[in-house]
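I have a structure I would like to understand better, so I am pasting it below and will then ask my questions one at a time.
Letters A, B and C mark the chains in the order given here, with residues in each chain numbered from 1 onward.
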Amino acid sequence: MKRGYLAEVMLALGAVITTAAFLMTFFWAPPSLYPDGRVDFAQKIFYFHVPVAEASFLVFFFTAFYGVRFLMTKRKEYDVKARIATEVTLFFVLLTMATGILWTRVEWNVWWQWEPRLTTYFIMTLLVIGYFVLRNSVEDEERRATYAAVFGILAFIDAPISFFITRVVQSTHPVVFKSGGLEPPMLITFIVGQIGMLMLGYAFYQLRLKEEELKERLEALKVALGG
Amino acid sequence: MTEAAEQPAVEASALERSFGARKALDGVSFAIPEGAFLSVFGPNGAGKTTLLKVLTTLVAPSRGSASVCGLDVVEGAVELRARIGLISHNPLLYPDLTAEENLLFFADMYGVENPRERARELLEAVELDHRRLDTTRTFSRGMLQRLSIARALLHRPEVLFLDEPYSGLDPHAADILDSLIASIRQHHTFVMVSHDLDKGLELCTHALILSKGRVVLFERREDIDEREFRETYRRVVGMGVA
Amino acid sequence: MGSLRWRQFTAILRKDIVMELRTREMLTSMGLYAILTMVVYQIALAEAGEGLDVRLIMPGLVWVAFIFMSMLGLNRSFVHEKDQGCLEALLLSPVDRPVIFFAKFAGNLLFLLVVEALTLPVFAFLFLQGRAGFGGGLWMLALVLLGASIGIAGIGTLLATISVNTTGKDIMLAVLFVPLQYPLLRAAVGATFAGVIGGEGATSSFWTWMGWIAGFDIIMVLAAFGLYEFVIEA
């Protein structure tokens, strides 16, 4: 039960910290200015968009990691962990897409732009959705787990390649960490937001895992009673 | 009773195969000597197919161990595959290849020496020599089954696994299968999975009943009281349905 | 053992070629599909007028046709293995799983290249006559075709082995295949473009894209090779 307790603490902390980051974004971090001196209000979404994007990639790593663990051991628990990591990835990826689209709308006056990061996340969304479509169309449990693990690993290898190849073409996405780009309050706001988002990611993952483990135990009980 | 001293041809000890909470095999143990014919009975979902897959190295056991010809099914898998054969209710043949091409293909997979002669020899044995240049798509069920026996024997396996070999065969084809099995009976050990109680009892030297992944009964043929055996089988199948 | 592996590899490859020549299932369906796509392209470009320089969009058109065509073929390549449980017989034999992968991969690559080599001239005949010819060399085109087809066949062989065991296998392959192939396709279109337009800087851009293709091929074929055993034994 200790881990479940930790998950709830992380959820509460994550919620508080992301809220704090949200407030800092609007009341503390200095506004970013256009070259002509106008305030770039849309830039504020950066404090949300980037932490979410980075969290999504970090969680996706666990899809591949537990995929490898599963293939090595063939133990169902790793399949469950990989699946939940992918669920959380999907959540973050969709959030990234949504905030990205809002930003392009305000900044470039279009809803969609095939710019590297958005394209990468679009591909990543498709990969993650593909992962779940695949899971749903395999009957046998162990086979499903194996296929999902293999595809999860491939997708995780593929995503960064997609990202880098889109950058071969001239990028119009703002480069965040160019030398001396962020003033300290901006950086601190960003880091706080990132920490909060990672805590939320961890909490979502652990809570979903706990739920699945309960289901699993119920299943085991059913089997035991049935035999 | 000299058999008992020898190494068993097929052996399983505390074999378990599970995924999560579900157990397809749950502590299966048995051993049969060389030259034996083991019939495995049990309702659908009892774990018969899983047992066969473990013994033929297609899936690895989760716990416990199994060995065939003295080779562990996990560690010795590659070596073991060269020494076992499978005759299934599925022909396991490519319909767009001719009978001869099918045999030559599998001869290559097993590294059989003098493949052409071996293929001809077997085609004659299963009386399909006259159709060797026809694609197997044109074959009847019985002919396919005969060819699949030839395929299974190509590499001179020591242990033959039979997976419901009689299902879907007409009486005539079943007779041919009977005589083919009888003719190779002497030099091989057999493990047959079957629904057909009469056939299984008729052929076997050992019988095993599986239910829900566990061994309900394992006896030598001469120790079996047939009425009691049938009663047990009926009870187990009934359980499977309920 | 080395020679047995080679014997097994050639046996599987030869079997696939013999069966393909006998049924012509993959080649005809892929070829027809490619030709039909060109008919649709004619319609798609009908209103664009004479001023349109087809060469600008030709790389995209070609790879759209090839990517969907290849899925059609890849889907077929495993159906006959499942047909009468042949895959089980294959797995029962003492063959190393990577041998199966490389043999199926080689077969798929061969069929892809054959259809591509046959349909590309048709495409040029239908759309490029009387317009500016290839700027770069034909060898560039050949190199892109080979490079991209290796990646398509490599991942495709693995994914087709997966999709053949799923419900709704045709759509399943597309759902898994297209997003994974994104980087490869992007680079293939880039390299083809450089080859078609030619001119200054085309060669260096061509080699940059070819570098991407080669990198993707190496990473993905290695990954598919490493993961294949799990997939085929599942």
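Basically, contacts are C-beta pairs under 8 Å (C-beta built on N, C-alpha and C of every residue); 3 or more make two chains touch, one makes a residue touch a chain.
In this text the structure is predicted, and so the values were computed from the model without any measurement.
With centres defined as the mean of C-alpha atoms, identify the chain lying farthest from subunit B.
If we average the C-alpha coordinates per chain, A ends up farthest from subunit B.
For the pairs A-B and A-C, output the one whose chains share more C-beta pairs in contact.
A-C
Just to be sure I understand: the centre of a chain is the mean of its C-alpha atoms, right? Then which chain's centre is nearest the mean of all of them?
Given all protein C-alpha atoms shown, the central chain works out to be C.
What is the distance in Å between the mean C-alpha positions of subunit B and subunit C?
40
What whole-Å value do you get for the distance between subunit A and subunit B if each is reduced to the mean of its CA atoms?
Comparing mean C-alpha positions, subunit B is 50 Å from subunit A.
With chain centres taken as the means of their Cα atoms, state the distance from subunit A to subunit C in Å.
Measuring from centre to centre gives 32 Å for this pair.
On subunit A, where are the residues touching two or more other chains?
In subunit A, the residues touching two or more other chains are 142.
If a residue has to touch 2 or more other chains to count, which residues of subunit C qualify?
In subunit C, nothing touches at least two other chains.
Please name which positions on subunit A make contact with subunit C in the complex.
71, 123, 126-127, 129-130, 133-134, 137-139, 142-143, 146-147, 149-151, 153-155, 157-158, 161-162, 165-166, 168
Which subunit B residues qualify as touching subunit C in the complex?
Of all residues in subunit B, those touching subunit C are 56-59, 78-79, 81-82, 84, 86, 88, 90-97, 101, 105-106, 108-111, 135, 151.
Could you list, by residue number, the parts of subunit C that touch subunit A in their complex?
On the subunit C side, the touching residues are 155, 158, 162, 165-168, 172, 175-176, 178-180, 182-183, 186-187, 190, 208, 212, 215-216, 219-220, 223-224, 227, 230-231, 234.
Okay, in this complex, where on subunit C does subunit B touch?
It is residues 4, 7-8, 10-11, 15, 18-19, 22-23, 80, 83-86, 88-96, 233 of subunit C that touch subunit B.
Mind pulling up the subunit A residues that touch subunit B in the complex?
74, 76, 141-142, 145, 216, 219-220, 222-224, 227
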